[in-house]
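To keep things simple, chains are lettered A, B, C, D and E as they appear, and every chain counts its residues starting from 1.
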Amino acid sequence: MTGTTMTRPRRGGKNPTVGKGRGVPRLLTRVAVFAVIAAVPPLLFDDYWVFMSAQVLAFAVATLGLDILYGRTGQMSLAHASFMGVGAYTTYVMATNGYGPAMQLAAVIGVALIAALVVSVPTLRLSGMRLALVTLAFGELLAWAIRNTTDLTGGTQGASVDPFLFGRLDSSEPLHAYLIALVPAAIATAFAVHLGRTQLGRRMLAVRDSELAAESVGVAVARTKVTAFLISAVYAGVAGWLYAGITGFIAPPDFDLFASVYLFVAVVIGGAGTVLGAWLGASYVVLMPEVFTLAGQPNLYPIVGGALLAIVALVVPDGIVGLGRNVWRRIRGVRGDEEESK
Amino acid sequence: MLTLESVKGWYGSTQALFGVNLRVPPGKTVALVGTNGAGKTTTLRAILGAVRTEGSVRVDDVDISAKPTHRRVNDHHIAVVHEGRGLLSQLSVLENLTVGANRAQRARIDEVLDLFPALQGRTHQKVSLLSGGQQQMVALGRALLRDPKYLLLDEPGLGLAPVVIDEIYRYIAELCSRGMGVLLVEQSVARAASVADELVLLRVGTVDRVIDTADSAQVDQLVADAFGVHH
Amino acid sequence: MSTASGAPHVRTEGLTVRYGAFQALRDVTVSLPAGAISGLIGPNGAGKTTLLNAISGFTPIAEGSVHIGHRNITALGTRRRALAGVVRGFQTVRLMERESVLTNVLVGTERLPQPNALAQFLALPSQWRARNRDMAAATEVLDLLGLARQAHRRVDELPFASRRLVEVARVLVSSPSVILLDEPAAGLDQEGRQELAAVLTRVHENHPSTMVVVEHDVDLVKSLCSYVIALDSGAFLRDGTPAEVFGDRQVQLAYFGRAASADA
Amino acid sequence: MGDLGQILLGGVTTGSLYALFLLGVLIVFQVSKSMNFAYGQVGMIAAFSAWFFYSEQGLPVPVALMIGVLLAVIVNSAIDFAAIRRIPAGRPGLDLVVTLGIFLLITAVMQQLIDANAHTFVSLGADTRTEVAGVVVSMSDGIVIGLTVVTVLAAYLLLNRTSLGTSLRASAEDAGIAQAAGVNVRALRTATWAVAGLIAAVVAILVASRLSVDAFYMTPFLIKAFIAGMIGGLDRFWLPLVVAVALGVYESLAVYLLGASAGTPAVFLLIIVVLALVPKRFVNERNEVRA
Amino acid sequence: AGCGNATGGSKSSAGSSGSSANGCDVKEIGPGVTDSEIRVGTTMPLSGSGAAGGLGTKEGQEAYYAKLNAEGGVQGRKIKPIILDDAYDPSTAQKQMRQLVEKEEILVVSGGEGTPNFLGAVPYLDRKKVPAIAPYAPSDELGGDKNQHVFMATVDYIQEFEILTDYVLDQETPKKMALVGVAGNVGDNAKLGMEKALEGKGIELLYVPETPGTTDFTPIATQLKQFDAEYVFLILTNADTGGLLQAMSRIGYTPKTGAWAGMSDDSYIKEFGALSQDMLVALETSSLESDNPLVKQFVADFTAQTGKAPSKFNQLGWVQAQLTAEALKRAEGLNRGCVVEALETFENFETGILPPVTWGKGDRAGVDAVGIGQIKGDKLVVLEETKSLQK
């Protein structure tokens, strides 16, 4: 590729550093950072905060899943919490029938996949608000089913779930719950990061931004949507499994429309389309009420929380990650990368 | 006279114009030329008030820099053909032509349709169903309907067949001779030189030079300097 | 009907496309020579884009058929046609605005054999091999189009000209055997056009393909294409070498609005 | 037969309320491409504060109602002015998040300022009734249906038969281009949001007079109206409004025939079936511009 | 019953607080107890559709504790009540209760209001072995020998509706009766109670479950009208009770009505009294007009604290605090185990608000009587003072 390779004065002609080479050290740094942050709660926090941290882990898994569906594939779902509910209630039913956490997890993944297939097929032709609506319908039907199967699911009243027992780990202990949740959360994160580097991940982006362009290069739009739906449902299901095991109690309102909306809030506030954003968003949603408790004003959150949410969303329209990125860019800009800035 | 004095423009935090000075007298055509990304479109947007700007934009000695876009357009008789047409794809052809126009302007609709016979009979179709060239005609039609004093054209020939381009430039020349001031963004210097009285070369958001199109040596020099193409 | 290098001949027979009562294409039978760059010209609304849409499967065909080599692809959907080697660019640039240039180009590798979704998701070795291959292809195209330095920039920050090139790069990255470009030079400056023409020529030399370029820039068509087809009002008008077509009186009338001086 | 008639009347009336409410959602969506999650709460402000002013502060009812409506208009305009307008382009979903925040804020503030209890509202004709062919019709039913028909027709004519309507739809699609064509987009937007606030207030007051008023009662309404909007398509006009009325009727029939707990699943099953069966052109929200 | 069977299994020792509810170690100091203060707490709906009851109950509790603290508190310590909002949602209640126990370190749960929400917190309290004193969650899941940590001070809705139905049957023999109840445990219990009372009497019963947030009550009203019951019983939120009565009157159907005890609260009568003329209402708390000196004392105390007359939920809150304080007073050591032992010593304890309260080993029922009142004008008239099923 020499000869006519163009060199225009304003473009420069150096070869790009197209991703290669820095993979391994970068991966190691990321793993190290993750490990360090993960070590903070058990080492520094009391039981209550370790419990909250475990909740963050569960919600992070759910948010990562929704981010794959919404942030990357552009498919709006208002039933993501319902899929968490599918996971949580499957866990409950399995647990009451005497199955252990490993079998529960296997069942959760299976049931989530089936539920997602059932929902995604009528939604294939839909996008945007319409899709959101069908998913919402699914959520309502699920809530209705739970309310009307009291013997199986505990109904409106909710149900208390036996804690996970993994050897000597017992998830009703906050520390144990945290350690148990850490593993799936780390795996879910690793897969989500990896997804961004695959053709599957790019198909999703293409479907999100222009279905016509996606088709023009041969992307199977419908199949990509279904795949995203399935992956996100499994994430949600696993999150529901964790949630049930960590909190030990589940009820229909945990998985209702508002719960789904909050997951959506987590994706958007964190920064749609990014793994880090999903984590930050989940942390915001879980921990923000606690900040008020910490300040000694637990009953203030419902009053100020809404305003705070609106303000944060307006101040960081690209999510917390977007804010960080802008700051970073400005710092770099000040250092003066003249060729980059025009 | 449409006058820009040391106009700077920003997109968010990135600056695109670094002090542009420009004058478009009535009855004259001024062509803005420059490479891709030089800031031609941004200059037009600055006149409309559609980017964040500093500096002064004056029309007939009234400073309009503080006015919102719709006031600039309505009060000072400016019309624009946007880069990439700027049509409202959900609206019909007729609605696209007449949107925002006042009663007197709307009365001129037949005049405009005469100019573009291809649009006749399709006025109630959604514009998104027209071919690229037909869409460009709608964009031009919308500007001409307003009978502006100053007409801003951003690459009006983009995607048009030569036959239509010729037609359009002929019409613009006629309007110009009737006293309209035209600020034209044009990719082809040759074409710009043939229709404009003055060429303004933009470079990285500043005016590099202004030349009279009568001076063909200067035009050649400009082509050579700015675009690195030697004839 | 393929050349030795594998680029197929593209043929339409009696192609008719209707939008309601309106006929956007009327009984168009054209033949695009294998392994050549053809130009598609005609006044606005002639049906050029519609013809590309029909060949690439983006618009339903009322009558007629489309053939690639010996294969009748009329019944295939858009995606199948893409996988069969027919890849197009759009008249209005369609990119993933918030993604990097590289990502936008890599999407184009969809046509290359990709491991199944599960293998990709689970990062099996087949995924890594595919990834390396795709990267190499993308790097090559970016270099070729002079976009290498912008590889990691988001496309919505790029000037228009570069965005057009990204769209072209997405088409080229999988080295398709049939390439359909709709006004790829629109909005580019003089130098940009010449470079684009050079790149297309070069790509064509390296990876032989049957290329169709819709263009209004007569000079560009003349310098790039060895064969030209003219349409008017949805009907086939004329084909032949550029000199023949631009010299044709009917073409001149339809396209330039006057006869003779085609050398303008 | 009288019972069925009664159910249908109830369904049509509730459906009309959904439709009227949806009209406010539609016009806002059409000029600013945003969904206002707090819309029901805007209406709630009107009814709840009106109740507060006449019942707790002793103002005459008409004055209190007027204040309530005015408040709703102001608040809705303020939501646009202070929040929606500040959302940069190309951030899908952000409007929902921001207005969810506002939803929570309004709910909490109204609970704090007034209380969290349910209160009866002035009946506005709900207790004046006659019997027609075995169906008891109240004046309230008449007011609701009449007002809905008139308002919807007026809105249709305004949007499609006037140049103001063209300007509105132009602003909806691309504010920048509309402005450059001489449309005062800001003024139009503010006006639309104000009108939407007015509609929300009227609906909320009518609903309050038929049920009762507290800080939460409009949320189920909002959800139903959104559902109708999504089934019909927020960028259309007649279809979503017709769906809204149909939804009210369908829901009543389902509850009546199948029992109260069947209402919800019936509605949602309907949605799935409808969306799975309707021809594709009704399903597509907004086609990508061709080529 | 979903809750019950799962709860049964979780007897594993998860108590991190070090206190043991089994047995009373006099020297042990439980969580939340300092030299100057004892922290107690609970959750209630302070927002959302169930808020009417929660707000009133909270006010009642706070008034009692304020009075008690002014008088010197318990065992030389002031009582600090911490009441968090659970929005009438079981999971929120569970989370808030976790916060109360783990962060605020309350000694015991002092009262509470609302059935589904409180039931949500029960498994957790059970695991943590935190005693809960007199929450208002009248469900058959609690009371009697059901849950050892929850000491009930009201009958459940089964009994309440059985007594209410019995009262009607004493006066007349309707052919048909109907019940509209919130779907779930609350409505199911009420239905069960009516069925018990109607058993073998040949009276038809129509049960219509309702989901809060109904936007159009016409179908339910029409259904009732078509069924044409002489009596319609209601166990719904204030707003939905009002909405349904209004819809019934709009279609010209005005049967006799009866309702759960919440309708005896001012927050209801003031708003919907006009729609509810002659409605029979279960009475869980004493009538304020009563000549009982304890009642007079209570009214005077409450008015002195808050400057206004108490409502039914104020009464409930007050008595919840009163029972909690009494248990703390009786406890030999300030820890959970001793409080439980103290509670088991209650025998016909007179509060002046509730029927006499009795708890014992294996008996957490507390109270077994309900009275009947009727809404007349904007007043509640007592028809029958508290009546027990046993007698």
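As a working rule, a contact is a pair of C-beta atoms (placed from the backbone, for glycine too) under 8 Å apart; a residue touches a chain by one contact, two chains touch by 3 or more.
To keep track of the chains, here are their UniProt names: A, D = Branched-chain amino acid ABC transporter permease; B, C = ABC transporter ATP-binding protein.
None of these values were measured; they are calculated from a predicted model.
Fewest steps needed to get from chain B to chain E, stepping only to touching chains, is 2.
Note on connectivity: the fewest steps through touching chains from chain D to chain E is 1. Seen from the Cα centre of chain A, the chain whose own Cα centre is farthest off is B.
The chain with its C-alpha centre at the largest distance from the centre of chain D is C. Looking at which of A-C and B-D shares more C-beta pairs in contact, the answer is the pair A-C. Chain E has its Cα centroid 40 Å from the Cα centroid of chain A. Computed centre separation for the pair chain C/chain D is 48 angstrom, with centres defined by C-alpha atoms.
Computed centre separation for the pair chain C/chain E is 75 angstrom, with centres defined by C-alpha atoms. Counting partners per residue, chain C has 49, 58, 90-92, 97-98, 191 as the residues that reach two or more other chains.
Chain B has residues 14, 35, 37, 129, 132, 228 in contact with two or more other chains. Residue positions 8, 147, 210, 212, 302 of chain A each touch two or more of the other chains. Those residues of chain C that touch chain A in the shared complex are 56, 58, 78-79, 82-83, 87-90, 94-99, 102-103, 106-111, 114, 117, 120-123, 127, 130-131, 134-135, 138-140, 142-152, 170-171, 174, 191, 195, 198-199, 202.
Residue ranges of chain A in contact with chain D, taken from their complex: 70, 74, 76, 122-123, 125-130, 132-134, 136-138, 140-141, 143-144, 147-148, 210-212, 257, 261, 264-265, 267-269, 272, 302-303, 305-311, 313-314, 317-318.
Across the complex, chain B is touched by residues 19, 42-46, 49, 91-92, 157, 159-162, 183, 186-192, 194, 216, 218, 254-257, 264 of chain C.
On the side of chain D, the complex with chain E involves touching residues 3, 6-7, 9-11, 13-14, 107-108, 111, 115-120, 126-127, 129, 131, 136, 138, 140, 207, 210-212, 214-217, 219-221, 224, 248, 251-253, 255-256, 259-261, 263-264.
The touching residues of chain B, counted against chain C in their complex, run 14, 34-37, 83-84, 118, 129-134, 136-137, 155, 158-164, 166-167, 187-189, 223, 227-229.
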